[in-house]
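Per-chain residue numbering starts at 1, and chain names A, B and C are given in the order in which the chains are listed.
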Amino acid sequence: MKSKFKKIFAGGLGQLTIPLIAIALLVIFNLIRDPSFFSITFSHNNDGNTIIEGNLISIINGASELAILAMGMTLVTAACRGQDISVGAAAAIAGSVFVKVLKAFSVINPGTVIFAFICSCIVAMLFGCFNGVLVAVFKIQPMIATLILYTCGRSIAYWINGGATPNVKSHILSGIGSFIPGIPIPTPVLIVILMAVIFMLVFRFTSLELLTQSVGINESAAKLNGINSTFIKLLSFIILGVCVCVAGMIGVCRLGLINHETLLIDVEMDTILAVAIGGNNLGGGKFKISGSIIGAYVIQMLTTTLYAMKVSSTDVKAYKAIVIVLLVVIGSPVVKREFDKVVRNMKAKKKSVSKGAAES
Amino acid sequence: MKRFKALAITAVLALTFVLAACGKSGNGSGPIKVGVINNPPSESGYREANVKDMEAVFSAENGYELKTFYSIKNDEQLQAAQGFITEGVDYLLISAAETTGWDEVLTKAKEAGVKVYIFDRKIDVDESLYEAAVISNMAAEGDTAVQWLLDQNLPEYNVIHIQGAMGSDAQIGRTGALQAQFDNGTMHCVVQQTATWDEAEAKNIVESVINSGESFNVIYAENDGMAKGAVAALDEHGITHGVGGQVVVMGFDCNKWALRELKDGAWNYDGQCSPFQAQIISDLIKGVNTTSDKIIINEEKGFDATTITDSDIEKYGLGE
Amino acid sequence: MQTDPLLQMRHIVKIFPGVLALNGVDFTLRRGEIHALMGENGAGKSTLIKVLTGVYPSDGGEIKVDGQVISIKSPQDAQMHGISTVYQEITLCPNLTVAENMFIGREDSVWINRKDYEKRADEILSNLGIPARSTQELGNCSLAVQQMVAIARAVDMRCKVLILDEPTSSLDDKEVNMLFDLMRDLKSKGVGIIFVTHFLEQVYEVSDRITVLRNGELVGEYTVEELPQVELVSKMIGKELGELSSMNEPQDSEAEKKEVFYEAENLSSSDALPFDFKIRKGEVNGFTGLLGSGRSESVRAIFGADKVTGGKVKINGKNVTITKPIEAMRNGIGYLAEDRKRDGIIADLSVRENIILALQVMNGILRPISRSEAESYADEYIKMLNIKTASRETPVGSLSGGNQQKVILARWLLTHPEYLILDEPTRGIDVGTKLEIQKLVLKLAEDGVSVTFISSEIEEMLRTCSRLVVMRDRHIVGELKGSDLNQTKVMQTIAGGESKDEEQI
């Protein structure tokens, strides 16, 4: 029991320690503030489906896009030692293509939705490729390279939409964005699980994880071991492109409209934060996708908590910043080192005490 | 593929301009030369409609030769205005990026005999420098909407107020009237939050109220998109809305799709922010209407779900 | 030479979790002496130095400077007491000027204007005979000069004790001599120098005294005269050197009869001039030459590590194209790179992941090695090569240099190469591991693997190689085998027929 406790503090959970503690603190805080905060109830939505609802569901549901983007971002961060800041803009493009293609058909059926998804996926992957080529081939710093798409992405989405905010109405889309009849869990949550499983399978049945980490930690050595580092980096951006497309699609389906100006606005910074809170080194190298997903939920839980406390949404950002600063500082190597020192001293003291006891 | 699309769009636009230019030169009897300085259509759906309206009204068929310049930068707009004056336009129509810095250019225009109309936004210059300013009154929009809401005679008013980007003209105007009701206690504010025009954020705000279990019966969203986000939250949680529903839904801007929601009875009210100033100015130029007022408030309607007609949607709806 | 002690460390103890890193070590440094601190990796040299420079707090013992007991709690304390360190890796800023580097970050630097400190820097540089100007950008200077600037910086901070930690490992012979001249000059000015190095010859060339550590304990302090090289080595590794000498016989040229595995004609790369080369199965050959002679560049061209620009390559008599490492690997070639940290280890990854890396890459991205397979591979090679690691999941970066090198060797052995290129596999690692690696090379050759072996220590190459390719100024200038394989002949060939520097390596 004691050793288990010790192990957790000595990094048994490794990089997940901080985000898990953060979640635990937020849960405790909310339970004290309002014991019914996490109550979950069954109800019916306007389509007559039985659904579950409550703050917890809102948190998990609301973090879906962020979690999916964070998965892809983790990979890019690991391989390219930098972040893609164009995910929000790229999602706006992907969402716009999705709607554009759907609108080209007179009827919306599963076939056309899948076709539209594939189209927007291809477009998102192409834009991922564009970023990837700048980073992997031309060796431009990821933040600078993706600044280009960050700047112009929403304008491109504007062109696609012809300046309007096109609406699409369909039960299929609301099925993707909210609930599928007969399933009480929000569909975006299911999509997150699906994406996480896909990532797990990819890591299980390919050596992508090892190769990506090698490139991120020591590209020069990776190359000399025959790894095509350009390909690995490009691949990470293309995979992020898929994530962007899925996130964009969820965003569109939630509301049944595409607003290129507001779809997933400012999501890039939250995504990067999710990766960082998840204990991943933003300088690349070793990574844990699970950490980033938890990071996304931490951010969303924080936001939801603040909303529930009726903090003005203009102030939410400031409060978020305070908590995030704390998290990042606590997770920093300096604090970790000091913490280790304290633990070691305590151990040493305990040892000397027990020794003394034994001698006496 | 995307690039191709962009190219195609650019090409089409260019072609339109060329054709338009040809049309004008063919019209021999001296069209009225109009220079329009506006913000770029990419700014918003409102601006897009505004620009289209200008281009439609001041067309060759209507006897105009139109020159346009779009920028969100004031100094670029000033330069363009200077250019239009030098080119010898008859009328200069301005929707300025910033309210200041226009004295010099407008004085030159006056000296050159170019008549100036200001539209959409006011400019801080002496009234003598322009013929008239055709502008929206955002506060009036709010007043109309809140008056409509009061007219519904609800037994109680528990309002979720979703604001636009704080500090924008539209937000200030549309918040004012409702805030007054909150302040004097005629309405109860359940929550007042800004969603910064973001639909998803609006949905989050409403969802957090639903989860908290507080009751509400009015959603006052300061644009259509946020109203739509709010409605999505209602739908997900099985709360009825619109005509005969549990919650009254109010939006602004009169997008066509929003007016259709209204027609379907899913929403209750949509307030107009009219981008259509061109016809008023054209009428003034051609002497169809005359007025001595320097400030002309563009009349803005509010639509009620129970009275809206298809022709309203066609006439006043923005976008497709 | 004055003999009163400048620095005395008495009964220094340092404990790391689970390890007694220093067990009551004594160390004495006198004014105006160069004192070599010797020991295998893990003997406690770096720990002792880190205690002295305040990086680690000591867990016992006392330190006296000029007879005064002092306490050193941080590197700043150490510097205040006149103790300065110049590390193996240059820790200056290459994009600043020499003068800026000498004065940056010093308390007094804020109040000095540029003209003044450039003037002062020039004075110091010329005083010490360092061939650099104060206004030069540091990055444009050679590594040796950069190192000397680091020393000049230390000296100017009124240092009494100068610690040089592996200062020569990236310098060529000429540069080493320049550095030695500087060290002798400082010595004559009364500075006490602690010299840490792996190069035994250099110890004898420049040092006055030697202190040997082993397993965290003091073995003894000796003057250079009373401790011949062979004895030094035996004190360091704690056993007599029968093994070392038994291997010291030129390999017979039996391999001559075997068939050629690899053959290159006019092979060239962005970094290597065209050259011809071939190697037979089971042959151990060496590339030798001074640093910059093109020996590394040539073997990199064989492996496709740099951009290959021309040439014909045959493997087992068949034409092949090798322009990328992966193509070389698929043709059975492995390459252990010269710079272990930069081109070898993936520091944050575990020993297991580092070992399977090359095999995994050859398998391709879609055929991952399963966890259990990887674990058994790792265990097998950890045992076979006697890799000292807490577990197979330990990050490789936390291992000692020699063990890191073994991990990389394991990585390549796991691919079962038919031709293994080892570029400086023994640099910067302890004597014991060096021996193990040499033995391994011979064992591989017995099993029919072709090996190319590169080392800066010619003696080591003479011991292992049956044929030496000698390079000078990026050209192959000779091939030595059989009775020609002796130090004199190698030196002559390297130097171009003249044999004036027989003693120096």
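Just so it is clear, a contact is a pair of C-beta atoms (placed from the backbone, for glycine too) under 8 Å apart; a residue touches a chain by one contact, two chains touch by 3 or more.
Small disclaimer: the values here were computed from a predicted structure and weren't measured.
Asks: Please name the chain that ends up farthest from chain C once chain centres are defined by their CA atoms averaged.
Replies: Farthest chain from chain C, going by C-alpha centroids: B.
Asks: Most central chain by CA mean?
Replies: A
Asks: When the C-alpha atoms of chain A and chain C are each averaged to a single point, how far apart are the two points in Å?
Replies: 43
Asks: CA centre of chain A versus CA centre of chain B: separation in Å?
Replies: It comes to 36 Å between the two C-alpha centres.
Asks: How big is the gap, in whole Å, between where the Cα atoms of chain B centre and where those of chain C centre?
Replies: One centre to the other, that is 72 Å.
Asks: Can you list the residues of chain A that touch 2 or more other chains?
Replies: none
Asks: Please give the residue numbers of chain B that touch chain A in the complex, ascending.
Replies: Residues in contact with chain A: 1-2, 5-6, 9, 41-42, 44-45, 48, 166, 191-201, 203-205, 207-208, 210-213, 225, 228-229, 232, 234-240, 255, 257, 318-320.
Asks: Quick check: in the complex, which residue numbers of chain A touch chain B?
Replies: Those in contact with chain B are residues 36, 43-47, 51, 53-55, 58, 62, 93, 97, 122-123, 126-127, 155-156, 158-160, 162-167, 174, 177-179, 186, 251, 254-257, 259, 261-265, 303-304, 307-308, 310, 312-314.
Asks: Spell out the residues on chain C that touch chain A in their complex, using ranges where they run on.
Replies: 17, 303, 305, 324-326, 328-329, 335, 337, 342-349, 353, 356-358, 360-369, 411
Asks: Using the touch definition from the top, list the residues of chain A that touch chain C in their complex.
Replies: 204-208, 210-211, 213-214, 217-218, 220-228, 285-286, 344
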